[in-house]
C-alpha cells in the first residue's frame, strides 16, 4: 500500500498533523520510533498553554502560538484531555524586571493578544496571594493555561486513528528514498513504508531523519529542562501559572499548578551533548529552588514527589520553528526545531503543515464519512457517589480503586490498555495512575497484573516504556540460588 | 444503588492495628466494621513472609502471614465485620458528631457508612526515589523495597538479577536477604547515615550472612541507564556533603529504595486533623484521639513502629479508649507531654492523669546505655528508666502512672 | 578465641561475645536472656537460620504460596532447599501449618505453609 502521507514522529506536531489529515480523504500513516504516542519530546514538558506574548511578532512561533491558543477549548470538548485555562501571571521582582515585563506585555498586544492585563504590585497580590510580597508588578494573561501534554497527544493520535490514520509504533525510520513520486521509508526492522509525502516531525531526531532522506542538513541540539513535581498538599500551589521575567534562552523557571492538581517547578534550560541525556542533577534542583522560592511562598524541597527532565529540540542560531517544504527533496515537509511554544502552537502547526502539503500538491478533500468521536475517559475520582453507583451497575470496575494517591479506578486502567497503552508509562500518561505521592509504590504491581491480563502480554515481558525497559527479570525460580 | 449501613465503629485498614483494634471494640460491645482495600486481612504483613513477628503478642515467633492470620482470627472470633476490596474515598463529619464514610468496592459499588467513631489504622507508605530528588536518569528497574517485596513474595516475579539497595532500613535489609535467597546478586547497601537505620540483627542475618557490603555515610548521586538501570553511583559524605572526587560505581540492573516510611494521612487532612511534623502522623492524646473528636489513629498511621507487636498493643489500647469514649467513661486528657533532649517525638502528646499510660518515643541518639527521665511541670523528676542499646531504629516504650501535671521527657546518654 | 556477634533471636539484637573456655564449654556475655547464650553457642558450633520463602504456584491469580521451616536449618542446607522449592508448581490447596516437605535432608525439620494456600 502506498500512503498519501507518512508522518514521522507521534509527538505534539506529528499527532496534530495526523489529527488534521484525518479530516480529509487522505491515506496517512503516523510512524513513531517508540511504542506509544508522546514518548519523546512531548511527554516531558511543562504542560503549559502559553499566553502569546513571549515571541517576537514577526516570528512563526508567535503566529502559530497565537492562532492556537483559542483552539484548546474546542479541542478539549472534542478530545477530552485535561486542560484548564487558569491564566498566566508574569511577575517582576525589581524595577529592571518590570521594564522587561512591560516589553513583553507590549509584544503580546502586538501579537494580537488583546486581553492582557497590566498589574500593579497590589493587583498581582490580589490575583495571586501565593506570590511573594516582594513582587513589583507584572501582567496577567487570561488565555494561558495548563494541559496534560501526554494525554493531549495521546488523544490527538487516538482521534486520528479512529478516523482513518494508520499507526506504526516501534518504527524508527532510518532511510528514505524518493523515486517515481514515492518515498520509500525503511525502518530499523527493515520494513518499508511507502508514501507520496513525508512530514518530518521527528523531534530531537528531525536532523537525522532529514539527513537519512537526503534533505537539508541541520543540527538539532537538545536543550535540557529539569522539572520537579510537588505533592498535591504543597502549600505553594498557586492559582495561575507564575512566570518570572524571561532570560535569553528560556522563559525562565516557573511555578505551575498542574492540571492534575500537583505543583511543578522548573524547567532549567541547558544545552547538552547527547540526545538521550535525561539526567537530573542535584545542582539544578538547588538552582530551581533558589529561583522559585523568592517568587512563590510555601515551596519546600520536602514536598518533592518526583523529578524528570525533557529535551527541547533546538536548532541553534535559529530560535524560530523550522516548518517548511524541503528545498532539496520533493514532497518532504520539515517540522523541526519545535521547542517552546511547540505544544501550545501544535494545533496550528498541524493546520499549517496540512496547508504546506496541499501547496506541494497533496489533494485535500474533506471526508464525508461522519467523524468518529472519542468518548470522554472515565474519571471516577470526579464522579459523585450517585453517579458512581449508577455507573457501577454496568461497570463494577469503576468503584474498584487501584491508584490510591491519584484515585484511579480499575475501569480507567482497563480502558487505557484497551486503547493500546500496554506499558506502565503508557497507562500512567493515559490515566495519571502512579503520578501521586507514592509514585506507584502501592499500585504498580496491580497495574502490571491488569495490563498483563487485558493485553495478554506475560507479566515478565511488560516494560516501563517499551524497548529494553523490562520491568521484571523473570519468574520466581528463574535464577539459581548459590551457596556462599 | 447506594448501600447505606450503620455501625458504632469503623476501622479503616485490616492490618495488625486494625485487626487488634476491631477485636477490642467488639469485645467492648461496639459494633465494628473493618474496611480494607485488599481482598484479605493482614495488610503489608502478607508480603512480609519472613519471621520475626509476634513474640510479645502471641509469645511465639511468627512470619508476617502467620501473625496476620492469628490477628484476623482474634477479630473474627470477636464477630467483627469485614469489607475487603473496599476503599474509603472520603469521610464526612456530620453536625451531630457522627461520621459518614463513602466506601467504594467492586462488590457493593458505593456504600455510605454512618458511624460514631473512626479508627484510622491505615498504615504508612514508603518514601521513594522521587521524594529524595535523587539525581540521575529514570530507567526501568528502580523500585521501593516494599514494592519489590510484593513483586517477589506475592506476585512471584523477580525484579532484576543484580541489585543495589539504597537505605539500610529494615525493609531494605530484609529485601537484601530475600533477593539473595531468590538468586539475585545484591551488590551493596548504601546508607547516608553513619549508622545503619535498621535493627542490628537484620544487619547480621540479612547482610553479613551473604557478604553484602554496607556503605555507611554514602549518598546516591547518580542513577544510570537509558532504558533499564545499568548502575548507580554513591559518594562518601565529607562534612555532610558528597565527595564527588571519590565516587563508587556499582553495576546493577535494579535499585531498591528503603529510605523511610511516612504515616498515611490522606483521609485525615480534609477533616482538619492536626499533624505532628515530627512523626508525619496525627497528634493524638492518650485515648488515641485526634483534635477532631471521634477520629482515632493507631499503628503506623500514627507513627512508624519497628515492631508489629507494639502496633497491635497500641491499637488495642486505642480501641479500649474508643469503647470508653462511646460509653461516656473516657478520661479527659488535658496534660501535655513534651520532649527535651535526644527524642524525636513522643506519642501521645496529651494525657489524662491517674491512668497507666504507654508513652512511645523515637530516640535521635545511638548509645550503649541511656537514662530516660520524666519530670513534672515544676521540673521534679517523677520517674527514670535505664535503657540499653538506644538507637533511632528502635522505638522506646515506657509505662507511667500519669501525674496531674504536664510532663517533660528527656533522654541522656550514660557514658 | 573470642568472637563477637549479634544475637538474632529477637529484634533486640544483643551484642554477644563468645569464647571457648574448655572443650565443649563456652563463655557468653552480652546476652539479656538465655536464648542469647543458646544462640551464641549454636552459631559457634552449627550455624542455623530460619528459612522462609515464596513457592511458585500453578494457579490462575495465585502466583505463589508462603512457607517456612519449622525451626532453624543448618545454613549449608538452605541453597539446595530453595532451588527445590522454586522448581515446584503448587496447585493443591493447603492450610497454614500443613507440611510441604517433611524432614528435609534428614534434618528433622519440615517446610510448612505459613499461610492458607487457595
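In this document, chain identifiers A, B and C correspond to the written order of the chains, with residue numbering beginning at 1 in each.
Basically, contacts are C-beta pairs under 8 Å (C-beta built on N, C-alpha and C of every residue); 3 or more make two chains touch, one makes a residue touch a chain.
Everything quoted here is computed from the prediction, not taken from an experiment.
Listing every chain that touches chain A and chain C alike gives B. The chain closest to the protein's centre is B, with centres computed as averages of CA atoms. Here A-B and B-C were compared by C-beta pairs in contact; the pair with more is A-B. If you average the Cα atoms of chain A and of chain C, the two centres end up 53 Å apart. Here the CA centre of chain A is 38 Å from the CA centre of chain B.
Rounded to whole angstrom units, the spacing between the C-alpha centres of chain B and chain C is 26.
Residue positions 54, 56, 63-64, 78, 82, 86 of chain C each touch two or more of the other chains. Residue positions 152, 154-157, 181-182, 209 of chain B are each in touch with at least two other chains. The multi-chain contact residues of chain A, meaning those touching 2 or more other chains, are 475-476, 480-482. On chain B, the positions that touch chain C within their shared complex are 46, 49-52, 55, 61, 63, 65-66, 68-69, 152-157, 181-182, 199-205, 209, 306-307, 388-389, 394. Listing the residues of chain A that touch chain C in their complex gives 475-477, 480-483. For chain C in complex with chain A, the touching residues are 54, 56, 63-64, 76, 78-79, 82-83, 86-87.
Contacts from chain B toward chain A in the complex involve residues 1-2, 37, 85, 87, 89, 102, 104-110, 112, 125-126, 128-131, 133, 135-141, 143-144, 146-147, 150-152, 154-161, 180-184, 209-211, 221-222, 226-228, 253-254, 266, 269. Every residue of chain A that touches chain B in the complex is listed here, in rising order: 228-229, 233, 276, 278-282, 285, 301, 304-308, 385-386, 388-389, 392-393, 396-397, 399-401, 404-405, 407, 409-410, 437-442, 444-445, 448-449, 459-460, 463-465, 467-476, 478-482, 484.
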